[in-house]
Each structure stands twice: as structure tokens, then as C-alpha cells.
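Below are two complexes that have chain A in common, paired first with chain B and then with chain C.
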Partner chain A sequence: MSTGTTKLDVVVSDVVPVNELVTRFHFRRRDGQMLPTFSGGAHVVVEMRDGDRTRLNPYSLMGSPLDTREYTISVRRDDVGRGGSLFMHRSVKPGLEMVISYPVNLFSLDLRAKKHLMLAGGIGITPFMAQTAQLAGEGGNFELHYTCRTASLGTYADVLRERYDRRIRLYHDDRDERIDLDRLLSTQPLGTHLYVCGPAGMINWARDRAASLGWPSEAVHFEHFAAPQPGLPFDVTLAVSGKTIRVGEQQSLLEAIEAAGVDPPYLCRGGVCGQCETNVISYDGKFIHNDHWLSEEDHRSGCKIMPCVSRFEGRSLVLER
Partner chain B sequence: MGITFRKETFRDDFTFRNSPEHIRRFPFPFHEDAYMYAVNIEPHVVGPKGSVLENLIDVDEHYVAEMQDRALVLAEDPLRCQSLPHMTLAGWDLLELLMEQQALGYPEHFTLTRDGDRWRWINRPLGIDDTFTFGDTSTLPYGPMEYITRQSQGDFCILDQRDGNLWMDAGMVTTQADWSLDFDIGMNFFEWHAPVPLAHEKGIFTRALKFLTNIQQGKPARRLNWTMTINPRLDTSPENYHKWGPDRTTVTPENVGDKVHLRVELQSFWRLPRSNGIVFPIRCYLIKMDELVTQPKWARRLHRVIRDLPEELATYKGLTRYRPTLVEWLSRLDDGSVTSPGFGPD
Partner chain C sequence: MAAKTIISRPIYGTLSPQPGKHHLFIADAEGALAIVDMAKMAPPGFFDGAEIVFIPGPDSKHIGALEGLRPAQFHLAPSFASLLPRLKQTLANAHMGLRLYLAGTEGLIGQAMQVALEAGIDHTSMQTEHRGSLARRMQCVHCKGITENVTTQPATCSHCGLLLLVRDHYSRRLAAFQGVCINAEDRSENPPMEETFP
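Up next is the complex of A and B:
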């Protein structure tokens, strides 16, 4: 159905509660074949058939890239989100047949790095599960700093400690433990690359400190876990396809365009990859740009929008789709 | 029924020829009577039976001879094959891709058997039967990229993707049209395309890079490129310019049909799964004018394309010296009638 990526027919082979917020899902290929090989940091887009709605959410692959008999993802339940994670927690059971995309990697390791320094916050740990497995298999040099709210919400912290011992450092908010970031960043060997995945505040903090301490931006990699935000409903006219559609409160503009039978390209569905970039033909109102792709100038110009995460409030909006 | 591999040379006595079936399957690159750059990229999907697109990695009657020529080039100049240290994983990706595709398309010639990490590769045309451990370079006679590209037609550039750009950090390049891996290695997409005229102004490279960095696993893409070569030489590298450059002064009205070759590159682009790199195979097809003009549509159309080619492009492609002779020779085969749409012969 989509111009985004090639699809895989899978069956849910296991559903494992990890802690009070996180559940792990295992997928195998319906035809019994191996799944495609992937690289640490890759995600798949999971299609959820929720009544008459199709939700498409990206989740990092967290298994080892060295073993593709199954894929595993971990989903953190978000009780105030748009419902994708709740659907996964409530309705996805072993045996369910689902469709997922081929892996896409927008958070790739830089294999030139002398050392890989990783910072994870909360559910941002998932891409590092695969990256550490990949690096450990190749004898790569890495060190992971992982902050979580409490020990019981330290998803996979025990697994990581057991696998990698002192290469893993844990920080618990409820014990006021905090990464000494300046010291960490200023004592790394030359050629170290930094990888950050977690809440936006953490990413901004790490990028900002790294820049202040003279880290080259090419050595700083980050992945946002930006889900589309809900908002007021609005109407959009699609000039090329000649359709007028309504974007619901809990729906993204991209989802509404897809539901209208138009098939725009996408990869990340999180405002970072640039694939779904769309030209604005005319508008009367205000954009709520939530993406990390367009420049500030693009945002101000009113000429472009990323429909996967951005919204609109106002009287009229015409897009070139 | 297997392929009958030709015994032929791409140097010295130049015995390279296309069989009649191979003339008809030649990837003629002009869909209309004029040529200008375009981002002519399309999905690399399997095409009609009997065409060069019947399999995604094409093996043809020139396979054995081309591999022998590659070995000669490498013996003289090992720098035609280079891989920066961080590209070894991408080399394994490429080995898997080429072994899989060749075994899938030509089971009578190639067989791949896997038992976990223990792989066995049989290449009958080249008399190879090797067992090795996937991922363990010490179990192969060469690095993974060199091992498999000594057994695969075409050049291979492996590109690392980082900072929103592509970097030519590994490759096997022995059949190139006047460029050098040794010169380009470590350069990014804009750096290695810097010498190309006209296309920068049109924003073609910016758009092409955006497309390429979004190439997805399981969805390869392709395009055709072309130039001309005097004598059927595969190795027209800058390093060997002194050998092939002077050939361009040897074209006469009498020998055009035998000496002048259309050189078409089928370039494909694949996302590599383990390394997240992109591999860019450049498969070179040669056809001499005498063979090409056996298809009257191609003769007429090529006449018009070469005659009307913008001067900058003719210079960049190195045609200047012999273009008038070639156009004059082709003009006699152009009766002025309309050519049919599409690439294929009538």
C-alpha cells in the first residue's frame, strides 16, 4: 500500500511484559524464512489494523543483527498518546498476523569511530540493544550510559549489565544520579563518536554540551523518538489529487492523506528523514511545525510542511499532493 | 541451458565481439533522438526475458574473458581495488548480495550453500569451489569485496553513508571510463562529481544525492549512462591514458565501424543491510558501430544524438576528435524516417 518501503508478512511469535510500562514483541516471517539482515540502529514501521484505522508506528529493532530468525521491538505504553502503543499492548497477541516494513536505518553507527560513546534515556535504550550486539560481535569499543527513572523502569539494564559488565553505566533519577556529561565528553579519546537516543531535552543537552566542548558535529549522532502530537482537527485540500480531507484530533496529516487513498513517500514517520516533505500551495492560518528536517527558514516561509508530525490551525490549507 | 562463454580479448588483438543475440539485448541508452542529462533513475526490477535486466545482476557471454582481463589489470596495478578499514563489513554485504544474485539467476553456473556461517561457493565458469566462514576474512584468499568482485562483471563502488552524504570508501574499478578509484577514494558525492559540466547548474547532483541516501533495503534503483570508446577496451583508466588516449586519433572513414564502440554503463544502487552502506555496481557493455547498425532504428537515432550533442558534453565524453568522421559515417544510414519510441530495436 505504500511507497515507503518494501513490506514483510510476519506473525507475532511472542509477547513478553518487561516492566510496568514496556512490553517486548517478537515477530517471525509467516513463510518461515529468515528475516532480512539489518544494521544496529535500524527501525521497522509496524502496521496496526485498529478497527477501520491503520496506524503506522516506527520501532527500533533491538535484537542482534547477527540473528534474523526473529525481530524484536519494545513498546513503551503511552496512556496519553494517540493510541498506537495502547493498541500494541492491548490487542497484539501471539499468533496475530501483522505487516511490517523492511528495516530502515536513520541512526547508523559510524564504523570509522575509534570508540562509540552511547547515551540512552528511558525507552531510548532500544536501538542501542542492537548496536551493542553488533559492536560486541566485531570486537568494537563502546561504552553506554543509560538513565532511567527508577531501577524497575531500567528496561534491559540487567541484560546489558550481564552482557557487557563495566561498559554499561546506569543512572537512576529517583536516586538523583545524573550523567557528568562535561567530564564524560571532555575525557574521550580522539575519534570517539557520540550517539544519543532519548527525550528531546536529553538530545538537546548532549548536542549542546558536545558543541560547546568542541566536538565536531559529524561525530555526534542522535535519534528522536518523536511521535506525532495530537491537536485540533483541520481541513486540507490536496491539489494534485483533487481531494479535500479532514485531519482528526488523534490523526497525523500523513495518516489522513494516506486514508484518503493518496500514497506519499515516508520512512521515519517522526519528522527527521525528509521523505514526506510536501509543498504548500496556499494557506490562511498557522503551522505547528514539529519536525527536525526543515530549516527555520523553511518553517517561516510557509512553503513546506512535513505531514508526518506537523499540524495546522486556521481557515484553509492547500498542499501539492 | 547455460551461457556459452566467449574466448576473447579487450586489449592487444581486440577479439571482443557480441553474438547476434547479444547485439539485440544491448542496453541502447537513447529513448529519443536527442540526449541531455536527466535524473533518469528508476526502480531496479527484473525486466523482460532475454534482456540485460532478466536478472538484477547480469552475467553474459563475456563473463570469463572479462574476469581474465580484470586479473591482468590488478596484476599490473593493485590500487584498482581498495577498501578503507571501516568498509570490511560492507564488503561482506556485497559478497552476500553478489553470490545470492548470481546463484539465483544462473544456477547452472553458480551455487551457494549455507550452513550457518559456513558457506560453500561454487563458480563453475572460473573453476572455483571454496568453503569459508562468513564474516571471517582469514578464511578467504582475498578480502570479501576483492574475492567476489574478481568473480563479478562490472565495477563496484561501495559508498559509506554519513552526515547526509555518500563517501567513496571502497571499490573494485578496472573497467572505468576515464576516472580513477585511487584518485576518488575517500571523496564525497559532490567531490567526485565535480568535473561533470552542466549538471551542477541544473541541481541534478543535489536531487540525485537525496534520492540515493534514501535508497532502501530490498528496493534497488538503476540508471543508464554512456560514452564512446575506441577499440573494445574495458580498462580506459586515467592511469593508462597513454595506452588508449592516442587511439582516438586513429579513427578513419574506413575503420569507424570496427573501431568506434558505444559504451553503456548500467548503474544500479543497493542499500547494504549490515553496514548500511550503498553499493553502486557499474556494469559496462560495449558494442562496435558495425554491430550496432545491424539495428536500423539504433543507427538512425545514434546519428541524430551524436550530431546534435552539445559541445560541452562531446568534449567531456572525449568525442571531439572523431565526432565529424562518426557523424558522417552514421549519416549514410539515416534515411530521415521517424524512429519508434523506446530503447529497443524494431
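Up next is the complex of A and C:
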């Protein structure tokens, strides 16, 4: 059993189109019980049975942690991805029975903070839906800055504005509105924590500016799930279980290992948590490391790989699994 | 050197210049030398955005050395208690980007850290360096009184007069080591008092 990924049997209780790219899904427990409590920023891994393939994608819980009758996630359709979001959009209908993991939180609020400053980009808004609901319930001090491409793609912007009014600032790319990040970061009271969720470029920008403006790294939190990238197929030998397997073009290494009947640990499936770290026994070829977990030195050494997002090109690869 | 067996026992580092625009130094006595040493590694202009608050102690040494660093602000205080209101004020008005550097005795570092924690600075993001006396700030676990500058083992509580074993257990909240009665069974027992924290 993978650490922290105990399963929940759920039924899809509602599917709601939010805008041209985003759809919201509601889950309830099949046995009618309450779902486990979670904290703002938590995600679940949704199992998608697509014919003979099983995909496992992580999605942030966006409902209020104060209400565990149902879980809600929002999925942005990615037409050039590996098909998980398309499967959700096309095949998941109310009444469908699905399996999801227990919630795991790799992006939790630091409740010692005097103030919470949040930056969201695009679909990166989802964990903040839950976090703002949690903080508002506790009378917490927060401010959310949300950038989106156009007003119509500002997923939940209207809901947030209505709930929290001026604590929400919106920035629209098509109107050339940009966050004045340096000013924003330099005027926060001591004891503020920063949370960023959005595209990698936004996260890197915010982390970089915060660090050079003197923010200690303990006060900067970020979440970015790198979706596994498709690539050339390759063969892997699993030394411990004695299997040789093929990783398909659209499959991640982790998915291929699971399909071979091996049950490796994972939590995020997005290259950030470190759970799936695997030792490389030998290789002839080159790694395509897509994770945010290993150090640059680890990447260069060729001794470790994060199978949830990273790939390989070359003649042979032997892993300790 | 700090014993590593008790995890509450604070461990201090070596001051190093952090990125950022505002730098607040709080030091006493020999702690000044930690700042002077750090200054050798600091980028040009570093002290233009720095404030140094210094408690020189009885021999008034090192004032000139600190002035020589030309900080934007330099402030002398006779004791930690006397600078407390000013420190609280500074932190209450400060913004993220202020970096804190504490150098000198454990009592100074601990008490300044306590105020900074309350202001919202995480203790892992403060720069600390222990210099000079090993004297401890001690709380008597019996009467809760705090005795400053304890250098002996055991030590006498300046409030209730009990003879206390000065433990390595440290409270960040109180910025003090815990002192526990050493002869509770038999008050006539008087273990020899040694200068342990010179």
C-alpha cells in the first residue's frame, strides 16, 4: 500500500461546467458517510479507469474544509496533455462510481503567520478556494492576488469577489494588468507568509523576487504539480521485482511500474513531494528529469529518478524497484 | 560549545549577510565582534540599510568598531530591558524583508528572539551567533522567578533562595534555562558550587 494513499469509494454527485476550459466535479461517499476532514491546500489523487488504462491524477480540493459532506475539484481541460483531463471532461458523469485517495496536504497554511498573502495563476486558484474558506471561518488575515488570461477564464473570480470583496485583487493578461510584485512583497507586515500556486514561471518569479527582497524561505510556500510529460517509449528493468517493462509514449514511468503489478510509494504524482524517489542501479542513455524534488547534483549524478514525472531516453535503465 | 543531547538546547550559528534591504542587528558585549567579522563578507552598501542596537556592558568596549561600519542607524542601550520598548516598536512597524541578526550572550539572543517570534519572525530565519560569556538566564521552576547572568552550577534563585541545578532544558517562550532544586530531599546537603558558565 502506498503511503498516505488509502482509498475512498465515492460517487460523482454533480458535474458543473464553470467556463470554456474548466469543469467542477463533486464527490460523495458511496456509503453516505462524511468524508475525512482535510485542511486548505490538500489534494486527492483521482483514479480514472479509461478502458484498460488507469490514470491517477492529483487535484486540489476546493470546497470548504468546514463541510465534508462532499469533496469538490476543478479540472482544466488540456487538449494536448496525456488525456486525464479530457477523460474527466468527457466521460465523468453524475452517478459514476470512482475511487479517490485520502486527502494529502503538501501546501498547507502556516497558521502561525500574522497574515497570508496568496498569489494564484489560472487554475492554480483551486487550493486557495479551500484555504480562503478555512481562514475566513477563523477570522484569518489574508489577501489574494489572482491573475488570469481573460475575465471569462477567471475561474471563480466572481465567487471570490462576492465572498471576500476587497481582499481579492484580479489581474487580466488581456488588459495588460500585472502584479506589482516588488511593491507587494516589500509592503507586507512582518510575519506574513506567501503562498503561490500557478504555472512554473509564476512560481519561479515569485520565489526569486521574495528571496532577493529578503523574505526567508520558511515564509514562502508554493505548489506546482508538473503533469507527467509524454515522450519516446523506453524499456526499464526493475531489479528487485525482476521485471522488464516498457514505458509507453503517453504513460509515466510510475504508471508503467504500477501497471506491471508493483506498488511503489507516491503522494503527489507531480514531482514535488519526494515519495516516489527511486535509486538507479545502472543506465546507458540520458535522463529527462522533470521533477522539483531532486537537487541539481542528484540530477547530474544519474543515481536517482522520480518516476512520477521523469523520463529516460537511451539503451538501458535498471531501477531498484 | 552547546551540548547537543537536549534538543531544546539552542544551537547558534555564525552571522552571514542575507539578501534584503533592511538589516537589524542586536548585540551585546563581545557580540559586536561577530558583526565586525560578518561585515568583512558583506556586499558594498550593506550597512546603508542596517540598524545596529548595541548593549556594550560595563567595560564599554567595541563601540568604535561598530560605528566604523557606518550603519544607517546606531543605537546604544544600557540593558536589554531598556531597549525593549524601542525594539517592539521597530518590529511592529517593520515589513517583510527585514532581516534580524542577534549576537552576543545567550540571554541577549534568547530575549531578542522571544520578542521577534512574537512579531512573527520564524526562529529558523534569524541569524544568531554566540559570543562572550556563557552566562545563562534561568527560570526557577518552583517560584518561576528569572535570575539573570547565572554563571555557576548549582545556582541560587535570586527570588526564593532555593539552590538550583541549572539544566540544559531551554524554553524559547521564556528565553530561559530551567533551574530545578538540587537538594529537595535534604536542604542541608550542599553540593560544591562551581563556575560552569563563565
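In the analysis below, the second predicted complex is superposed on the first by the 317 of 321 C-alpha atoms of A that agree within 3 Å, B and C clash if a C-alpha of one lies under 4 Å from a C-alpha of the other, contacts with A are read in each partner's own complex, and residues count from 1 in each chain.
Here is the rule we use: contacts are C-beta pairs under 8 Å (C-beta built on N, C-alpha and C of every residue); 3 or more make two chains touch, one makes a residue touch a chain.
Quick caveat, the model's predicted, so the values are computed rather than measured.
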(Q) A:Glu218 in the overlay: touching chain B, chain C, both, or neither? Say first, second, both or neither. (A) both
Q: Could you look at A:Gly191 and tell me whether it touches chain B, chain C, both or neither (first, second, both, neither)?
A: second
Q: For A:Thr244, decide between first (touching chain B), second (touching chain C), both and neither.
A: neither
Q: Have a look at where A:Gly274 lands relative to chain B and chain C in the superposition and call it first, second, both or neither.
A: first
(Q) According to the stated criteria, A:Pro65 is in contact with first (chain B), second (chain C), both, or neither; which is it? (A) first
Q: Would you sort A:Lys114 into first (chain B), second (chain C), both or neither based on which partner it touches?
A: second
Q) Should A:Ser39 be classified as contacting the first partner (chain B), the second (chain C), both, or neither? A) first
Q) Which parts of chain A are touched by chain B and by chain C alike? A) 112, 218
Q: In the complex, go through chain A and note every residue touching chain C.
A: 112-114, 185-192, 211-219
Q | Contacting residues of chain B [partner chain A, same complex] | A | 84-87, 89, 93, 96, 160-163, 210, 214, 216-219, 273-276
Q: Could you please specify the touching residues of chain C with respect to chain A in the complex?
A: 18-22, 91-92, 94-99, 119-122, 124-125
(Q) Which stretch or stretches of chain A touch chain B in the complex? (A) 5-6, 36-39, 41-42, 65, 102-105, 108-112, 138, 218, 267, 273-275
